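Okay, so chain A shows up in both of these, paired with chain B first and chain C after.
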Partner chain A sequence: MMSRPTGREGETVHPDAPQVAEKGQDALVVDNMDVWFHTPAGSNHAVDDISFALGVGKTMGIVGESGSGKSVLAKSVMRLLPARGVATGGQVLLCGNDISGLGTRKMRKHWGSEVAMVFQDALTALNPVMRVGDQIVEQIREHTPLSRSEAIAKTHRLLTEVGIPSPELRSRQYPHQLSGGMRQRVMIALALSCDPAVLIADEPTTALDVSIQAQIMDLLREEQLGRKMGMVLITHDLGLAANYTDELMVMYGGQVVERGPTKEVLAQPSSPYTEALLRASPRLANPPHTRLETLPGRPPAILGESAGCGFAPRCRRAQERCLVERPRLTLTENGESGHGVRCFYPVGTPGGHEALKINVERGTTAAGLELR
Partner chain B sequence: MLSFAAERLLRYGVVLFLVTFCGSMLLSLVPGSAALAVLGSDASPEAIADFNTKYGLNHALPVRYWMWLRGVFEGNLGESINNGQPVSKLLGERLPVTLELAILAIFVALLIAVPLALASAYRAGGIFDRIVQSLTSGLIAIPEIAMALFLVLIFAVKLNLFPVTGWVPFSEDPVQNLRFAVLPVAVLALPAAAVFLRVLRADVITTLQSDYIALARAKGISTPRILFKHALRASSYSLLTIGGLRLAYLIGGTVVVEVIFAIPGVGSALVSSIQGKDLIVLQGIVVVIASAYLVINFVIDMAYRFLDPRVEH
Partner chain C sequence: MTVTEITDDQRSAADELAVLSVHDLDVRYDVGRGKTVRAVKDVSFDLRRGETLGVVGESGCGKSTLARALVRMTKIASGSIAFDGNDLVGMSRRELRQIRPRLQMIFQDPVSSMNPRRKVRDIVAEPLSIWNWKTPEERAGRVDELLDLVGMPSDVFGERRPQQLSGGQCQRVSIARALALSPSVIICDEPVSALDMSVQAQVLNLLEDLKAALGLTLLFISHDLSVVKNISDRIAVMYLGRIVELTTSEALYEAPAHPYSQGLLGSIPTVDDTESPAKRRLTGELPSPVDPPSGCHFRTRCPFAQDRCANEKPELRHIADGHLVACHFPQHGAAPWRDDRGA
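== the complex of A and B ==
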């Protein structure tokens, strides 16, 4: 197993991913991103040293349970986190420009025009007391010299493009008068309105009917390919990630536990956490009424950093070493694809097999988790 | 829509009937009598009997109410027991004065409260917010009468900027009218502004947490525009209710201010008619106050529909 070159605190500086070669042309580069929330109860390391690069026209998937830090990472990349009680570290290059130190005033020209966000629930994310057309016109006029009537015309074109019939009528309606799928299409039109280089989609289909999900995802992919946008797709749906992303990062407790080309990560998961997530997902190949495996325990609250691996208390392979030492993100054996894992005993390696065997024989993991 | 309005009108009619009927019953409990108030305590029993007959005061209460009500339906609110002046004429002179005070006060209060509330809420817990919060606590706690005397002492007596007391009708001299209105309006507006500010600040803080504010931010919209265009409208429902109630309250209740500043409005008429046991005038004022509440309620209901498109009939 190859060891990755290391950066601050011995963590990775993403030198292995293939897109690094074209770093200058990447739509979005994130280096050593850290986010701490300072609360009266203590500091919370919500995003722990995350680095990635998003190529033009590529999609990066970020998966993980609720509370794993996915949305915080996205907001932090966009510099949308509140300033108070939050500390961030690391560098963000958006279209080659360093935006890491920028405050609200300077970020305004990037927001909406270079990086745009599609929120999870369009019903709460669109202003309920503003006509949907006006909400798009507002953004267009903020970033372009178009007149109001030109902006309205562009809004109608955008609404047509995202599949909304009779845009003149729809743009005069309020969010609550549209269906869920229609609202999400409006939000996508809004996000696309100023031709951003990067689109961050935070669970864009979670609030939607399953039958609408595929339509919205297909629309997003079509627009992304047509416009050569980079897209960050945050989801907890592995099926969605499998179908719509090029690269995948699996997050747990604010850290990346596994990353690499989506196909490879899902076909040969290396992290016990990724494996557990896959086992918990339903598969069409399984017979009906197959019982899904559940993951025992809860995600860590991340208050106060533990010495060992964050997943150890819930991991079937946890050994004594996992409790006292934190693993680094290292490349797997076929690491030339950029497939990395943060585990001492990865799935599919002799070491991982041995660790599981030891735990099964003694009936419990080093963290005290009972194995059946 | 028509049936909606008709239903409202019917309901308001019932409310007005109940308010005036109960009002007349309660007002008759006021000790003393109009005859004694007008004729003096040494009036002869014959004079008192004549007086009571003249104004129908010797009839039973419900009968008197019925007589008054019949008059109302004929467009006649009756005549003052104290001086024979028609009540409608008296209200016609007094109501515009009080309306001017009340509307100006609410307008000024909103002008102060809205920008301060938005600024406080934007940096809730910050130094500006804490200063504003202390000021509003003070303004709410100071009694109207103390504030009135304090403002008169400083701005009228010491600085001589505004007249101490008195009133010039707007129709006579608009500029003088506004000069006379400044201090009374300030006394009415400042506590109202403090209440409005608190209510609006709390709602804006909640609104600023919502996803659509985060989206507005992510669109690159400027902070003032986010506050005024996105946050204010969605945070204004409680303010609308409180503001409307305050306006109605002022229309019936600028008593202290009108007495201190010697302003000939509804409030001072209320005081003098109570002193004179002038039940007919009082009844007229009750009608005005109750109507003000009803009209303002109706306007608020309509305004909700305008402010929040999600409200359906």
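== the complex of A and C ==
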């Protein structure tokens, strides 16, 4: 069992002391996670049977469009979802400890010191009526035995570390007095303040300009490598995922439709959805007026318990089987890398080729989508 | 290499091609305590008939203010905007009304730019009703035609209200509305920024199709350089109210000459180069627009800045055919932002 951080020597431990327990153990393990939202209109299966393991010092990317369930997954891991109207299933192991089913009170000792989160909108995530320095000091005092002056010193060090000049001055300011990039740096400092083993970053740079995004992402990577911290990066930006993650999960309608080493998934996508996403994104390297391949329709708002594959209505390869049977996440041919796909007719396989050919010949998919 | 100022001859030749010609445009906002922000300063460019001109820059660079100034939705401090030979700046409200059908705008947030209580059919018909275009029957026919054009058949969507539509569908409706009076120029202010990737591609393709089918001229504003590069023939890069570089899409990507353009390109993570995120980055943050640095506004973040940059404002000048740069020390050679020298 892993011990709580109470026995730590505080100051001297930083910066290279992750909270991870024994060797070879994964920082975060999620097993068969399910989340349902109960609404008057019916139950919405927002996260559907997701499992993954995040190694120490590794980055897992989760990409998907809005409504794919990526943020719900993160909040569920953090146990930040409201209790009312929400049902969850599955197991979450954080540094070897089972935290599934824990309530807010019991989660407190895990938040910050074992798992921390960086949110998209720092202005709403930070307390608007509290000086930013005090917010970090409060968190350090909550989780470590440091004295107030030690905590203040650590806060200043953290602020310097995340690239905030004159930390003594800045820590006395309120969130609204800082620029967007500075606020995001403060939130990162706050998240790192108790040396978490796992950092969950939910669209950490979406609200920022591209030049600031690059700075923040470089900072996150640097901190993550230096601290051997596990990171979950949630984003809708494939380019960002390509550059800053080791492993990638592609989500659609609450399910993981493809997963594997980032480079492999993006270079040889196996799921028709991943392929379509890649082809729909404009690329800098392409000449102007390159025709984008579009996905018909739009991401599902609420995915009912459909009998078949959730992507079938928009998929060019959809066959009759896709409408009646749900595909499982299975390893691809070069599966030793852990590359898995949830599809009966994956891209780049004879079966997938055949399925596309059949649909092109008959001019329509089994789901009734017309192909030109 | 010779550096040439823009000559009057070149200017008048360009004017013939230009449907919208902007000279020394200045827009100022009063920010209280006697301070003003020059959100757009000394901006000059030509929008050529039939082209798509992209305007790219980070927040606060003045790109949206420029868009609003071009349709006179905001007060213009000085400068001129010639639209089909008419000067928009000196026009009365009444004269402007006569011009506006030919100069339309599409906004970033399609949902809030539409009246939530009205039906799609009525939203698209509104410009026609205001202009009392033909008979009500013909107007209804025109609405059907417009909605078909943007892929939203009116028998399916005509009776719906904006809240019953997705973001992409709302953007299609606002495109249909902008097209109602057959404009020659459409100003698109971040039209796809609020949309999901798969939907974004649909709307971008739609804009390309409509442009080709209707012979439109587009001014396309976005913070997303990949999107702008894909849709534009030429691109203007803005920084703190000024255009710092203006050239073709290919040239901007292959050989960006302004250090800011290079940094901007180097900051974009792409799927194609997963190897090194260690491209040339932009350091520091945007200075306050209330009190921008003297001389070249970019000098505080520029790796090549010299004393001259602080004292002398760089003018937008030709460094190659059709390639304008406002920099005392423009960078040459093949896309230096693509190597990792700046790592």
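Going forward, the second predicted complex is superposed on the first by the 344 of 372 C-alpha atoms of A that agree within 3 Å, B and C clash if a C-alpha of one lies under 4 Å from a C-alpha of the other, contacts with A are read in each partner's own complex, and residues count from 1 in each chain.
Assume a residue touches a chain if its C-beta (ideal position, glycine included) is under 8 Å from a C-beta of that chain, and two chains touch if they have at least 3 such contacts.
Keep in mind the model is a prediction, meaning the values are calculated, not measured.
> If chain A is used to align the two complexes, do chain B and chain C fit next to each other or clash?
fit
> Is A:116 contacted by the first partner chain B, the second partner chain C, both or neither?
Touch partner of A:116: chain B, not chain C.
> Which partner reaches more residues of chain A, chain B or chain C?
Ranking chain B and chain C by residues of chain A touched puts C first.
> Which partner does A:299 contact after superposing on A: first (chain B), second (chain C), both, neither?
second
> Does the superposition put A:108 against chain B (first), chain C (second), both, or neither?
first
> Kindly classify A:189 by the partners it touches after superposition: chain B alone (first), chain C alone (second), both, or neither?
A:189: touches no partner chain.
> Name the contact category of A:72: first (chain B only), second (chain C only), both, or neither.
neither
> Touching A:143 in the superposition: chain B (first), chain C (second), both, neither?
Touch status of A:143: first partner only.
> Minimum CA distance, chain B versus chain C, superposed model, integer angstrom?
10
> Applying the document's contact rule, which stretches of chain B touch chain A when the two form their complex?
Checking each residue of chain B against chain A gives 210-212, 214-223, 229-230, 233-234, 307-310.
> Please name which positions on chain A make contact with chain B in the complex.
Of all residues in chain A, those touching chain B are 78, 80, 104, 107-113, 116-117, 119, 121, 124-130, 138-139, 142-143, 174, 176-177, 187, 190.
> Can you tell me which positions in chain A touch chain C when the two form their complex?
65-66, 179, 181-182, 209-215, 217-218, 221, 236-240, 242-244, 262-263, 266, 276-278, 280-295, 298-299, 301
> Under the touch definition given earlier, write down the residues of chain C that touch chain A in their complex.
Where chain C meets chain A, its residues are 58-59, 166, 168, 196-202, 204-205, 208, 223-227, 229-233, 249-250, 253, 263-274, 277, 281-283, 285-286.
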